[in-house]
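Look at the two complexes coming up: subunit A is in both, with subunit B in one and subunit C in the other.
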Partner chain A sequence: MTSPQKRGILSLQKNKERMLMMQIEIDHVNMTYPNGRRALEDVSLTMDSPSLVGLLGPNGAGKSTLMKLLVAGLLPTGGEIRVDGTPLLQCERNLKARLGYLPQTFGLYDELTVWQFLDYMSALKGIQNSREAIASVLRATNLEERRKVKIRTLSGGQRQRVGVAQALLGTPQLLIFDEPTVGLDPEERIHFRNLFSQAAQDRIVLLSTHIIEDVQSVCSRLIVINEGRILFTGTPSRLIQMAQGHVGVFEETGNAAGEFQITARVNTARGVSCRAVAKVLPSFAQPVEPNLEDAYLYLIHMGPQEAL
Partner chain B sequence: MYKKIFRYELRRLLWNRVFLGLLLILLAYGWLTLIGEILLGVANTAPFSPWSFGSYCGKLLPVICAGELFFLTFFTGTRECRVLADASPVDPGRYAAVRLGAVLAGTLLLSVCGAALALGFYGAVFGWMGFASLAAPGLLVLVPAVVFCLGLGWMLGRINGALLYAAIAGILLVSQLPMPAAVDFTLGTFFGTFPKTLGTMDPAFTVPPSILWGRVGYTVAGGIPILFLWRRRTK
Partner chain C sequence: MRRLFRLELRRLLQSPLTWLAAAVTLVLPLAGYSLFPLLSWTTMTTIYLANPISLGTLGGTLAFAALTLYELSRVRRFRMEALTDSAVSTLALTVLRVLSIIACSLLTAVLGFALYGPYTVWKLDLVFSLGDYALCWFLVLFPALAFGGIAAAVCDFIFQRADVSFLAVTVFLLACKVGNLWAENPWWQWSLIKFPAMSDDFGNTLLFRIGAYSRLIWLCLFGGLFLLAMLCLRRYGKRLCGSFLLGLRRLWPCALAAVCLLCGGGLLWRNQPFLDHTPADWMSVEEVDYTSEVLHITSTVITADASDTLLGNVSGSAVYQIENWSGETQRLYFEMNPGYTIYSVKVNGQPAEAMDHGKDYIAGRYWSCELPADRENTVELAYGGMPQIWNVNGGAFYDTVVSRRYVDLNTKSIAPKPQAEILSEDTPYSLEITLPAGMTPVSEGTAEAVSTTDRGRVWSIQDTGRSALSVYAADFVKADLEGGGIPIEFYFSEKHREQLESLNAVSSMEAAVAYCTEHYGPRTFEQGKPFKILQLTEFQFGGFASGNISATMEESFTVENLQDKEKGASGAEVLAHEIIHQWWGLGVMLTDLEDPYWTSEGLTTYSTYRLMEERYGEDYARTHYLEPWEAAVEDSRNNFYVRHPEYLDRLPERYRGDIQSTIQGVNQYSGTALMIKRAEDLVGGREAMDEILSRLYREGGTELGPAYVTLNDFLNACGLTKEAVGRV
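Showing the complex of A and B:
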């Protein structure tokens, strides 16, 4: 092969890679709802592809609001969101053409079959070769056998799978899943975790959840949010490191008092064994190695300043 | 792309038991109206006169409008997947237009079925086939009312899906109330009394300006919210 040909192929490959690359910048974003409720406060983040980002936080922390802002479902009351350097408002259609979104609550057309619904969604997304795209997402979500079944006859978990399938249609570069594993059985949850991990190899996958297990094994980056503020952003191992020396176990007795937060109670032959997090562990607690759940709870209960 | 969306929306509206039930009610009610009232002719006119046919259309109108408002319930509430559509690159204005088109097509189908029943009846019972003369009263009754319900329904549906059911009840109630001819939703008063004032047997079909303005009023009242909401969606 001659060098100009080589250069041409390399340039094509680079262009393709550039097209697949995506960067989302959230710059000092605030969101206050018309009723005065402040959902997000000075949130700043950057997400580059490929990455699988886990968004963790208790109910009402602001996760769904952040996701709605990212899909242009809401307008921030302050700050700016940029996609590849362009303000979101100026590239909304372009973003939506590259987006797969599973909201926390969504309706499905009960009158249609699974296949028909996905075909409808393909039309909305402007997918040309819908047949192939649908077959691919049906395979990925284990819905092949249910493709001719009316949506009204599906179980809650199967409906959730249809929701995930529509988000995956057309291999979008940005996948946003809001509580995607709700209603799924343990086997399905593992399957979907692997699916998200696979999908994140060449794009951004943002996974919002309050189930630690869902993000523990697959996410390369975690964002912990509470009361509209970002408490932590980094790798799961860094979060665990933060809780080192702050997690302990002890037997529950009547006089166990102090500044700690019990995170688990287990009945054992000797009584009730408690697992707790604290800024300073009480003397009766035996320090143990923290896991991600401990670290998350430590961060949520102590706040970012205390936790550091 | 939009053709496919239209096809699916129409399928959702028509391929269900409620639509089938509605169609059966319409045809049964239409048949009873034909053999009970229209067969004798309305206001001393022939049963197949524009006056009698207009009166027949007015009788069916509440069922047709209830069907139209029912179609609109498909775009609201838990059955709706608007949040998914909003996250897609589809043009919101065209998408709304396609969905309204599907509602209109469904309503048109109901109207055509009702009209076809009457035309079949006229042909079978009287051997009368001058159907072209029936277009004017049919359009006078149906078009303004259908546009009015579409606009009202779409506006109410965007506020709260439950309001559509209230609108169905409201339309059924208003259709039964005695109203001044100019604002009579079904034009029952007009078709039942106006021919008698013309002083001839089986008079030619004419519409006084007050009735025309009333129908224009209904059309505009329905058209304004459609235009307003469509422009807002496009923006």
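Showing the complex of A and C:
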């Protein structure tokens, strides 16, 4: 027999565990916009906490659509998304209570100061100890000095940081950032990368970007998406491994022809050095060790069938 | 939810725009006092409560609609949808936002109640009623602000555009308020309730009952529309139709509730219990006279209960003794208030069937039952219901009512009125009526209190030679006016007792009665019955005289009327003027088809002057009457716009109306009185004029019939022309 008090504590702990652990399943999801544009096609994935998932893909690949589906901003036209086994629509409120989201494009209440804005957002989110929560996200996003400034007067990068700050409020269990590093300078970028990887230690952080560097060193998992389809899902090293033997360099001479895709041109003392990916490297190319960018480009250009 | 509501409310209270909307609502009443009075009646409560509240209500409706639209579009304006939607449901947030705006409108009403309280109390003084004052703020003003917000929200949910929505709300408001189609109909008045005037002395119960009912109708309708429009809120990136269909699927209980509310509102509207169903073209309806020549009433005994001051219901039973002289079965018709139903009929002790003829006509409706061929018949009826008022002008005549402060039941609202001949002048009529405590009834017959029950006071009213009578009850005080040859009883509201005593009004009115009786002839009434002059509610709109009862509007007793120098030099003299109207206005009516200035006012003013001359001497009359008249006419003649009427047309309508009514007033009172004074000189002095007036009073005119005296009738009697008296 457990005392009622003890039972209370046990259930509290269980609750806490459930709050901390999270699983998101995306099950054969399709999304076609009312105008007929098909944004996602038969997408299936599972994400468990803790993880830092990088969502990679060119512009228009369907990254933002996928994220909007995950935050219940859109309804899939086919398939289902489940959070901890419950269909998303049935646990929308519960999800929103555990969610931090930074959309790709967003506005802020310009008339408010940074602090007022975050105070409003934390009130919306129902955060109990808002003063502390705001102070902590201001610290995390380097906005402490700007807290009394009207949002109207902020620069693009500063606004982006306010956007990140509001997402971080209340340490939500699911963080979704859509192109979070747009408009940030390189130093800030590195800062945020670290921030995300720290945050991902006990929760799910989903990060979409088209900049490889953002995900290169920090993500435990990559999802590559193009034209609404998932091309790859796995660890960065697995992706690199797949491009092994498909990346080469050669001097640009003018008569180099064949089935390859030049991914970079570097001016060297001897002329222009080209880096290319190909299903089968041409003979004049010198195979090199692929990096993540090579692997990503190889995947995008050669398509999933060849890669997988 | 409660947390979010508090958050929104706090945010709104910190926003200057909320305060702007409140300020607009609370400043506009100031303009209602004299700058833009919406109602033309001049009771104190109309001027110092109804007018300011009306303007505040209309302005506040739009102000709160604008505030709502500003707040709802704010998320869109700052492109904040994505962020807020990731934290809370847009639907919940939007609904809470509208609710917090409604809370702000309530706060505005509370603020207005407190701010305007002292001034209103001071101005209305002895006619101030806390209940009416509170109802004006919380039944008239507050719901209008809330409805303004809800209407705006409904539009915004559908159009997602603040400008389009504001336009839609404004057009809807104006269409209901000034449009030909709906302005007359109290049920279309979702913003400012139908507000014809306010009574100082007799309460405004019917006004507020109808107002509350219309609030209930619109609460249902707006509630339903709000729930339906809520389903249109764009969600999950869907457009109007998609969101609506999804809303229907996921929030079907909401849709169901919306349909129920809309249907409920529609039913309330359709089955409103206050107005009768007289056809709009009532003037062209051919009235059937159901009065039977072979049926004769030999006695009437009514027991009625008019003590239900909450809903104003009346119930009663009636026993009529009817002689059937035809020797055949006959149909006996009754005319009764359309709000009543006859529950049961017994003819000679046997249950009979009552037939409802169903055609409402001016707050009346016919019922009938079969009478056997027997000579002597006893007809017993049980009846009751809520008395209805005539729907003309949207039921502006809020007169028939049972309320805490006033009971006004005319003949067919007391009991079913049999359409049969009265056997003789002595045919007894007896009414035992229970009235709310603290009231004194006035009716054609003699009233006597017989007992007190827990429902109120039972009065026995006896009369003869009639098939029905009317009862007016309020906190009446009786004053006997002597000097008219017959007993004249003057009844006025207890509220004015001190005022009238201090004015020594009774002696002044007695003097007027004596003067008119002596110079023009006795006011003719039913033989042997006292003549009763009654102060009655403003909602009668103009005095009336019927049988031995004559009503004078409460307007005559307002502080402002008593100070009206055009009518008399003092309050007591103004009351004398009002009494003289019993001869000029109610005895015969002065009117002219061509001359708008020939009204009862001119001759009444002239007679007042003559009375004062008799009482206080020529000098007094000259300084207080003749000279002010001449000055007023001179002033008006020198008025720029009188000399240059072409400029009058260029003025804004409001100023034009003011100037025109001033000019009209001067011409009706002083101008016409001076003209009569001129005629007096021409016919050979006061006595000659009195003789002419006496004849006109007794015989009436010829141009429009004996009830009227036109300018031509007057001039013909004097043997004068328009040119001779300077009336061209």
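One rule holds for everything that comes next: the second predicted complex is superposed on the first by the 292 of 308 C-alpha atoms of A that agree within 3 Å, B and C clash if a C-alpha of one lies under 4 Å from a C-alpha of the other, contacts with A are read in each partner's own complex, and residues count from 1 in each chain.
The definition used in the following text is that a contact is a pair of C-beta atoms (placed from the backbone, for glycine too) under 8 Å apart; a residue touches a chain by one contact, two chains touch by 3 or more.
Keep in mind that this is a model prediction, so the values were computed, not measured.
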Subunit A as common anchor, with subunit B and subunit C clashing or fitting: clash
Touched partner set for A:H246, first subunit B, second subunit C, both or neither: neither
Which superposed partner A:R275 touches (first subunit B, second subunit C, both, neither): neither
Contacts of A:L75 with subunit B and subunit C, given as first, second, both or neither: second
Which of subunit B and subunit C A:P34 touches, first, second, both or neither: second
Contacts of A:R161 with subunit B and subunit C, given as first, second, both or neither: neither
On subunit A, positions contacted by subunit B and by subunit C: 71-73, 93, 96, 99, 101, 103, 105-110, 120-121, 123-126, 166
Residues of subunit A defined as touching subunit C within the complex: 33-34, 68, 71-75, 89, 92-93, 96, 99-101, 103, 105-110, 120-121, 123-126, 163, 166
Touching residues on subunit A, where the partner in the complex is subunit B: 71-73, 93-94, 96-97, 99, 101, 103, 105-112, 116, 119-121, 123-126, 166
Complex contact set, residues of subunit C against subunit A: 3-4, 7, 11, 74, 78-80, 82-89, 93, 236-239, 242, 246, 250
Of all residues in subunit B, those that touch subunit A in their complex: 1-2, 4-5, 8, 11-12, 15-16, 77-90, 95
